[in-house]
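First subunit A sits with subunit B, and in the next complex the same chain sits with subunit C.
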Partner chain A sequence: MSRLQRGSGILVLAAVIALWQLLAMLGVVTENQLASPTRIVAATVEELQEGTLAREIMATARRIIIGFSFAVVFGVLSGFALGRSKLLHAAFAPIIEFLRPMPVVAILPIAIFVLGLGDRMTYSVVAFASGWIILLHAMDGIRSIDPVLIDTGRTFHIRPLRQFLTIALPASAPHTFTGMRVGFGIAVIVTVVVELISGFGGGLGDYIGVSQGALRVPEAYSGIVLVAILGYGLAQLFALLERRLMAWHHGFKQQAR
Partner chain B sequence: MKTFALNRPWLLGIATGILFLTGWQLTPTMGLIDAQLVPPATTVLNRFLQQWLDPTFYPDLLITVLRVAGGFLLAAAVAIPLGLAMGYWQSVHRMFGLTIETIRPVPASALVPIAAAMFGIGNLMHISVVFLATVVPILLASLDGVRNVDPILISTARTFKRTTPDIFRTVLLPAALPHIVTGLRISIAIALVVGISSEMIMSAEGLGRRVVYAQRMLRVPELYAGVITLALLGYGFNRTFLLLENRILGWHRQAMAKNW
Partner chain C sequence: MVALEVAGLRKSYNRAGVLTTALENVSFNIPDRQFISIVGPSGCGKSTLLRCIAGLAEPSGGDIRVGGQAMHGVPDDMVYVFQEYNRSLFPWRRLLGNVAYPIESRLPRSVSSDRARAYIKLVGLEGFENYYPWELSGGMQQRAAIARALVTEPKFLLMDEPFGALDAQTRVSLEETILDLWSRSPRTVIFVTHDIDEAIFLSDRVLVMASRPGRIVEDIMIDLPRPRHQIETKEDRAFSDYRRLLFGLIAPPSASTLS
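Presenting the complex of A and B:
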């Protein structure tokens, strides 16, 4: 594998950024439409030094983490309940199947109307949107457990609680964790969209909207880049956590190959 | 009684639905819930039916659908070939992989203000945002699809001295189709969410804008009716896609085996 081949990815990325810089410098796209990469970096450094950006980053990060935590609790608990109890599942199945394809952003205007603008509304919307996905995955996870495992538990007369903790929980864990991973991505997106739409309470979404409105385009772009970095960073942290908790599963899957 | 209910799950579902609707109707009318915040079910239903008689509703509906479908189809047209190529040739994968991974964590909805600066607030802006949001998932699904193709199929085609375009057309694309279609199904949902949210953020027309307008003007029944319309839109897209999926994958042994 030649050095050129290995570096080709970096070359392409560098070429894209260079082209971008060139277009901005040549004036093919005006300053109001597209900011050059150098301007974006300069703006980011400037704003970080001023301290305003750091506050926005913390605000968004806080909302993502708290909203997601609520989502996990709500989603996992109700998902397990709906998966475990045939009664509950039968009762709520039509509503769930109808709401499954609903775009979660549709809930936003109602939430703003009923709960007003502010953190309570943001946490609720993020928790609902993210938790819903987690609920679906957790429920599907419980329902798709190999019946042999459950029957084995019954054969050994294991008490229901113990059965749940030692059989159902680990067996449905992969599915649930996938749901949490997807849910986390949704939490990031929804947090930024809520901040952008409500334009209230700071945060990176608000920062992007306000910067764009004030025609401070490099700042707006830097906001977006920071959102991407923040989302990526937090997702990596979560992946680390998942790898620890699910080490047994990953090892098993490797062996099966 | 429990067995009676469990043997007829649909009955329980209907019962819950009726209970919910009754609750929704009675709690505002009886004053248990502020009727200004949550109007009774009949008021909302009335307003919902009314909007279908409103001639200004249909252009909004059409525009939203066109934007979402347009961005989605454009993304598929770009992402599927590129994803197939990236899956087949390691060199292509190495070339574009880093750039794709960089674009991936950017939430498309956050790009709306910037896209608006570049393209104005018309259809082009919304379509490009939907495009950006769906191009990476579809690409990754196509890539995965090619990776999972049975190598024997490819070797056989090569043994018969098939040209590369032929291999793509007759082997890779059909074999990777289940994976690609799954990616498309996830992406159409993303397209709908991003399309609606970008309309909510910044738009002069469309269903998303309608709902935000109702919220800002405090037209409460209209707000709820709009949300229900959006839910139905999502449901409609999903159903249509499932139908298409069955048509396209009907012959595919691997995909249909799952339905047994």
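Presenting the complex of A and C:
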């Protein structure tokens, strides 16, 4: 990315914030509709110092990370199993297609009923919502491995387990990582939604809900902005990890052009 | 000493009720350490034949015996080199890791690493050990694939149009490399190619196949002196005689324009 390209991104962001501040100051939008950026920053600082905001941020971050981890373990393992076995795939594909598009708001009441309120329920819902996409990508990654790679493993008499670990796994990794990236985005959203709707256990979602209920507008927007920053920050960490592990893939794709 | 026996090999495919015979009644024996090429028109089944021998495809009938023993799955001591070198090397491993792969689980790390380096040097890729395959040219990648195949020191080397996707100059260079490697460590090589000149230049013997159904129509010993040279051998009158013969067998209608 050139310096112009990088700079332009920051420029647009700054311009939007400036415009937003201007609109608020001019009274085009009222305080109750859209708090100005300065008010949001002030509210954030105040809440961080005197309130529980720091704790809420940590709680949401924890839920995202743990819920996502469960999704990865579940999604990757089942994805690999379904990718390797045509029988398992045929057996479970229909039910996956059925469960996958279920919106979180639909399953949340059932989840609360079965698991109660609390972290166990949150982790389960987050894992459920983001696990499917990881599963499908991992499965697809295994199923679409180049047959030449498989034949290479065969002609060198590599044992099946070793073939899986040293050929199938790396070959399908790019696919799987894409699934994980998408799944992570879902995990962030779902975590906040669960916190907001259940109104239990704190976290940024709860904080936003409570602030909205009390008509504390700057605090509510502060919560929303913090969710965005948290999500972005964690996603960047994930991207860093991916770039390290998949360095070969980026180079490989570059070459292919 | 007969290294490989193929008897009555048959391979057919059943696609939506239509039976296609790719190979029909293919029989031949290969003695130890012979360099044999298989040529034929596109689609005659020469790759299918090679894959059956390599244990990568299941014959529909007939018998293949390696060293006198019936085949079960992929034979030991036999390695297949693919035409698609860029898809067969692992893009997530560097050159050294790729070449060492077949032996690294069976030997101590230092031994497999040293042996891999030796073969990398043998194919002329010394200095590129830390490069990823996709950072190398096509010819270099195929050399890497050959090094990887040889690192297991197999008795049989099966090559499926290995130089087909390369330019003419790279092909010439790789032909010389293969002959050099073979003369240093003789083994049985079965070389599938569509290039008649290449087949004559490299081999002791050429099997000619026809298509529909795939079958062997001619079995020719190449009586040209070794070592072979790109200029001198091809200037030999015998070379052009073989050439005329093979072209005539593979593309009969236009053969009349050759003489």
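Quick note on the criterion: the second predicted complex is superposed on the first by the 221 of 257 C-alpha atoms of A that agree within 3 Å, B and C clash if a C-alpha of one lies under 4 Å from a C-alpha of the other, contacts with A are read in each partner's own complex, and residues count from 1 in each chain.
By definition in this document, a residue touches a chain if its C-beta (ideal position, glycine included) is under 8 Å from a C-beta of that chain, and two chains touch if they have at least 3 such contacts.
Everything quoted here is computed from the prediction, not taken from an experiment.
The wider contact with subunit A, measured as residues touched, comes from B rather than the other of subunit B and subunit C. Of the two partner chains placed around the shared chain by superposition, subunit B is the only one that A:105 touches, whereas subunit C remains out of contact. Once the two complexes are laid over each other on the shared chain, residue contacts for A:45 go to neither subunit B nor subunit C. Of the two partner chains placed by superposition, A:239 touches none, neither subunit B nor subunit C. Contacts of A:165 after superposition on the shared chain: neither subunit B nor subunit C is touched. Judged by the touch definition given at the top, the superposed model places A:248 against subunit C, while subunit B stays out of reach.
Contacts of A:146 after superposition: subunit C is touched, whereas subunit B is not reached. On the subunit C side of its complex with subunit A, the touching residues are 54-56, 74, 76, 78-80, 82, 84, 87-88, 90-93, 101-102, 105, 132, 134-135, 152.
Within the complex, the subunit A residues that touch subunit B are 5-6, 8-13, 16, 29, 32-34, 86-87, 89-95, 98-110, 112-114, 188-189, 192-193, 196-197, 204-205, 208-209, 211-213, 217, 220-221, 223-224, 227-229, 231-232, 235.
Within the complex formed with subunit A, the subunit B residues making contact are 2, 5-6, 9-10, 12-17, 20, 37-38, 91, 94-99, 102, 105-107, 109-114, 116-118, 189, 192-193, 196-197, 200-201, 208, 211-212, 214-215, 218, 220, 223-224, 226-227, 230-231, 233-235, 237-238.
Against subunit C, the residues of subunit A that register as touching in their complex are 146, 148-149, 151-152, 154-158, 162, 166-167, 170-171, 173, 248-249, 251-252, 255-256.
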